[in-house]
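Both of the next two complexes hold chain A, though its partner changes from chain B to chain C.
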Partner chain A sequence: MESVLPPGIKREQFAALLADLKKVVGREFVFTDTQWELPAYNDAYLTTPAELHQPSAAVAPANVEELQRVLEVARHYKAPLWTISTGKNFAYGGPAPRKAGYIVLDLKRMNRILEVNEKHGYAVVEPGVSYMDLYRHLQKIGSKLWVDCAAPGWGGVLPNMTEHGVGYTPYGDHVTMQCGMEVMLADGTLVQTGMGALPGSQTNHLYKYGLGPSVDGLFTQSNFGVVTKVGMWLMPEPPGYRPYMITFEKESDLHAITEVLRPLKVNMLIPAVAMTVEMLWEAAVQITRRDYYTGKGPIPDSVRKKMRSDLKIGAWNFYGALYGPPPMMDNTWEVIHDAFASIPGAKFYFDEDRSKDDVAWQYRKKLGAGIPNMTEYNVMNWIPNGAHIDFSPISPVTGADATKQYELIRDRCNKAGFDYCGEFAVGWRDMHHIFCLTFDRNDAKQKARANKLFGDLVDAAAAAGYGEYRTHVDFMDRIAGTYNWNDSALLRMHEKVKDVVDPSGILSPGKMGIWPKSMRKGKA
Partner chain B sequence: MSITLSSRRTFLQATVRGGAALPLLTSLGVATNAIASDLTETENSLCLFEADAAMGADMAAGVRQIGLAYQTVTLDDAAGWSAMLDTLESARGRSLAVLGRPATVFAVRGMLEPTWRVVLEGRHSRQVGSQMRHEFTGLDAPMKQLAGWLDRVRDPAQYAVVLASMTRGEFSADAERKTLDLNSHVWPGSDLVSLLAWPKGVV
Partner chain C sequence: MMKARFMSEVFAGRCALASVLMSATLMLGIVGAGGTAHAASAAAVSPEALEKGARLFVKNCIMCHERGMDNPGTAALSYLYGKGKGALADRDNLTPDFVRYFVRNGRGLMPAFRTGELNDEELKVLAEYLSAGPHPATPEK
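And now, the complex of A and B:
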């Protein structure tokens, strides 16, 4: 791996820049070694050449004071920084920057849990705090608050929220559960949003909006500032928790499942982020593809049937949970059971009905109670050298839309020689459709096919009126380009904001398609 | 017994050549307790292995016999993951061997870098026709040492013990990374990935 320079910076300037950064954070926390250190900031799941995203260096400040001085150095040299926190945003680019030469601003050392408020149910964390960290801390102090975690529990509480991530409990919409934010602007100014702007505020993490425009959202999926602290509401442990699974026999049941689900969800009988999961996802966390099939192309139906039978899963598998006092759970279950029982072949399971060795059930049971784990990572064992990028369009909660999206993706991915492996995460009024495009990262041809398929899916989804909620660094411009109503008025507004809050263009240039003025012509 | 870094390095230089022969003997049941006991206090390297039926108790026993700390790593359990992080945090100069399924080792590696230096990664995959393919990437010295044992180990348990002994190596950080592909007879169980790593500053 050859070293690269930040765009527009000469070698002598870069040496001076690194020397300045070392003065701020210490030699130990400026990473430049291309053999030993910088590979940690690559994305192992790229479908494009790694050189396109190779950082020139990484710098890891320990606190806001050091961060302020790092930004000062970056402004002085006009050096682009790429902000990461825990760096685990795999499938969407991991820690890798948008373009080669950026300096990764690694916030994992800013990992303090600043407050846990048991009475009001929230925690205040810095960017480097993972779900595992927060869970462990809550256990240690004997808290009765739950974490709501992403499926891989090594992800960060703050960065998952800023990337619009979701979890699996009733607090699964992480942006909704965020309250109070501290942000450092590119000029080093530290801003408290909402009620936090009031000195001595008693309600910084209790009321989200403060006075005047609510700006927190401007700092999610954005490059307008560096979020240094957030409050996250945490769910109090309920008096009862009863997770359940419902399996459905036919691929075409997706329509009926979604229609049954919508009123249950809208009326909050299903309070958590519920999951409708296609069978291969459930298979991939516990077996490998070649355990059942060694041929090329999508797995035939006969083999899929055998898998379903062996693993006791359906073509679709619905996961939800009951929360509350037992009588309330009993009543709610009656309604949910009757509704889904209208679908022929539906089978219902509680914990006692599933095997202790059922890997898929066991990890989803934990997620519904906010217990972090990493089990879902086993999906990468599905094929040799497994890697994935996720295509994630939003769908209305209707049978017609779910089926249309499913078929749109399934048909294209089968034609491209890939298996469909996906799930629908059902939120307040929408479904996040996550298609886990799995490929062999050592197979250049397969990577090229995956890249092309992904691009085709973006275009096909946009043509059908579906946009993605999040994406890989390689597709940020392309997807931002689909949000182009009224001559891309939203993107142009984002660019205006960018020019004002970050005139030097140092913060994550190109994040979600937002480029600083100096780089707009040169965007990849 | 307190060991300084320099005395430890001197010790390693003196013992590494002999140390590489220990693990296979151990895994084959040859009594090496006397030799191993000499190493126990001084070496104290770490091994993180994913529990696997194909590895089993033989591996743990073999690894412990040559005086290395052994810990199971799992993706499924928050407490186990946290314990691993604690272990890594407190490693301070100890070397590390990791063996597990690809997803697990990928996740472990994600917690190691950039503060640890992964001197060798091996990808061990079953091939059609009863062969095992071993793809190594890393420094030449440990790669060659390890490759020499591949024909002689029967299964992941024995490989784990050999791998664990490699943490006694003395490697130069300025050496270039190389790749090496080898085949051996097939191992039982699933595809695996292995790592050898040292904390930054030691290599």
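And now, the complex of A and C:
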């Protein structure tokens, strides 16, 4: 890998910039070695050439004081930074910057757990704290609070929230559970939002809104500041936890499942994010494609049938869980059971009905109780050299929408020669359709096909009124471009804010389609 | 023996991977004949360093490399080298350079680790720990 320069910066200036950064964080925390240091800032799962996202350097401050001085250096040289925290944003770009030459601002070293409040049920963390770190800490101190983690347990509590990420306990909507934020603006000003703006505040992590506009959202999926601390509400361990799985026989059952589910979710009988998982996802986490099929193109239905019977799974597999005192769980189960039993062929399972070796069940069971693990990465073992990017449109919770979305993606996916592998995650009123597009990272043609398919899906979904909830660095402009109501009024507003809060344009240029003035022309 | 199987399976099954490994092998001389590199490095590691290495393994790697097919690293390596041969802690043929290369460059679905999250000194200790394997009793998580 050849070294690159930040856009608009000459070699001598770059050398001076690096020298200044080293003065701030120390030599050992400015990374420039293209063989041993910078490859780790690549996205291992790119569909585009790695050169497009290769950083010129990375810098890792240890605390807010160092961060403040790093921003000062960046402003001085007008050098673009790309903020990451735990840096595991895989399927959406990993730690890789939007464009080549950016300097990655790596906050992994700011990894203190500042407070665990057992009484009120929250924790305050810095950017570099992973789910695994927080979980182990809670175990160590004997806390009775649960973590709510994304499927990959090495992800970060703070950055996953700022990306609008999801987990699988009743606290699965991470933005909703965030309370209290500290953020550094591009000019180095440190801001506490909400109640935190009151000196000596007693309720920084108990009440979200403070006085005046609620601004926390401005710093999620954005490049308006660097979030340096957040409070996250944590769920107290319930008196009982009983995860369940319901399998369905027919592909067309998706319609009925979704219709049955909506009232159960809206009325909060199913408190956690409810998952309807297509069979291939279930298969991919525990077997490989070549165990069953070595032909080209999508696997045929006959093979899918065989997998289903071997793994005791349905065409669709619903995961939920009961939480609470046993009598409450018993009552709720009766309602849930009866509702889903109206779908012919539905089969019901609890823990004792699934095998200890059932990898899919075992990791879902952990996720429902906030126990971090990495099992879901197994989906990429489906094919040799597997990698994946996620296409994740949002839709209403109706059978018609679920079916329409499923068919929209499945048909295009099959036509492009890929296996459909997806799941529907139902939150409060919405449904995230997560399509895991798996490809061979060593096959350039397949990567190009995956990239094209992804773009086609963006357009097809937008035409049907569905937008994506987050996206990969390669598709940020394209997807931001679909949110274009009233002559792109929202994007233009974002740009106005950007120009005011970051006039030098140093913070993550291009994040979610928001570019600083200096880079707005000639967008990729 | 594991090493022979490792190389032959790689060549038989996964050409692209083989070329990556080949270049790594040529560049670093990481797969030494007969495991002499292993014997030499194991002798040099102190019990304190081993304990530290074990802790780093638990912190950074075990979520993908613990025994069991629910761990994506162990699953991937089992598909490569054969059932029951996927756990890193059970290996007797890892060398520090080999571990260092994969940790800093990644392979397959394993992304590389950044110096800011696992520094060179820690990586050295971790690599020596793994190279001193097998470790029948991996520490608790």
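By our rule, the second predicted complex is superposed on the first by the 524 of 524 C-alpha atoms of A that agree within 3 Å, B and C clash if a C-alpha of one lies under 4 Å from a C-alpha of the other, contacts with A are read in each partner's own complex, and residues count from 1 in each chain.
Please note the rule applied: a contact is a pair of C-beta atoms (placed from the backbone, for glycine too) under 8 Å apart; a residue touches a chain by one contact, two chains touch by 3 or more.
All of these numbers come straight from a predicted model, not from anything done at the bench.
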Have a look at where A:M275 lands relative to chain B and chain C in the superposition and call it first, second, both or neither.
neither
If we overlay the two complexes on their shared chain A, which of chain B and chain C does A:K108 touch? Say first, second, both or neither.
second
Please indicate which partner A:I371 is in contact with in the superposed arrangement: first for chain B, second for chain C, both, or neither.
first
After superposition on the shared chain, which partner residues are touched by A:Q286: those of chain B (first), chain C (second), both, or neither?
second
Which superposed partner A:A40 touches (first chain B, second chain C, both, neither):
both
Partner, of chain C and chain B, that touches more residues belonging to chain A:
C
Footprint overlap on chain A, comparing chain B with chain C:
31, 36-37, 39-41, 44, 58, 87-88, 132, 136, 153-154, 288, 359, 362-363, 372-375, 377-378, 380-381, 384-386
Going by the contact rule at the top, pick out the chain B residues touching chain A in the complex.
75-78, 81-82, 85, 101-104, 106-107, 110-111, 113-114, 117, 123, 125, 128, 173, 176-177, 190-191, 200
In the complex formed with chain A, which residues of chain C make contact?
13-14, 16-17, 63-64, 69-72, 75-76, 79, 104-106, 108-117, 119, 141
Which positions of chain A touch chain C when the two form their complex?
28-29, 31, 36-37, 39-42, 44-45, 58, 60, 86-88, 90, 94-95, 106, 108-109, 128, 132, 136, 153-154, 286, 288, 357, 359, 362-363, 372-375, 377-378, 380-381, 384-387, 441-442
Tell me, which parts of chain A touch chain B in their complex?
31, 35-41, 44, 58, 87-88, 132, 135-136, 152-154, 288, 294, 359, 362-363, 366, 371-375, 377-381, 384-386
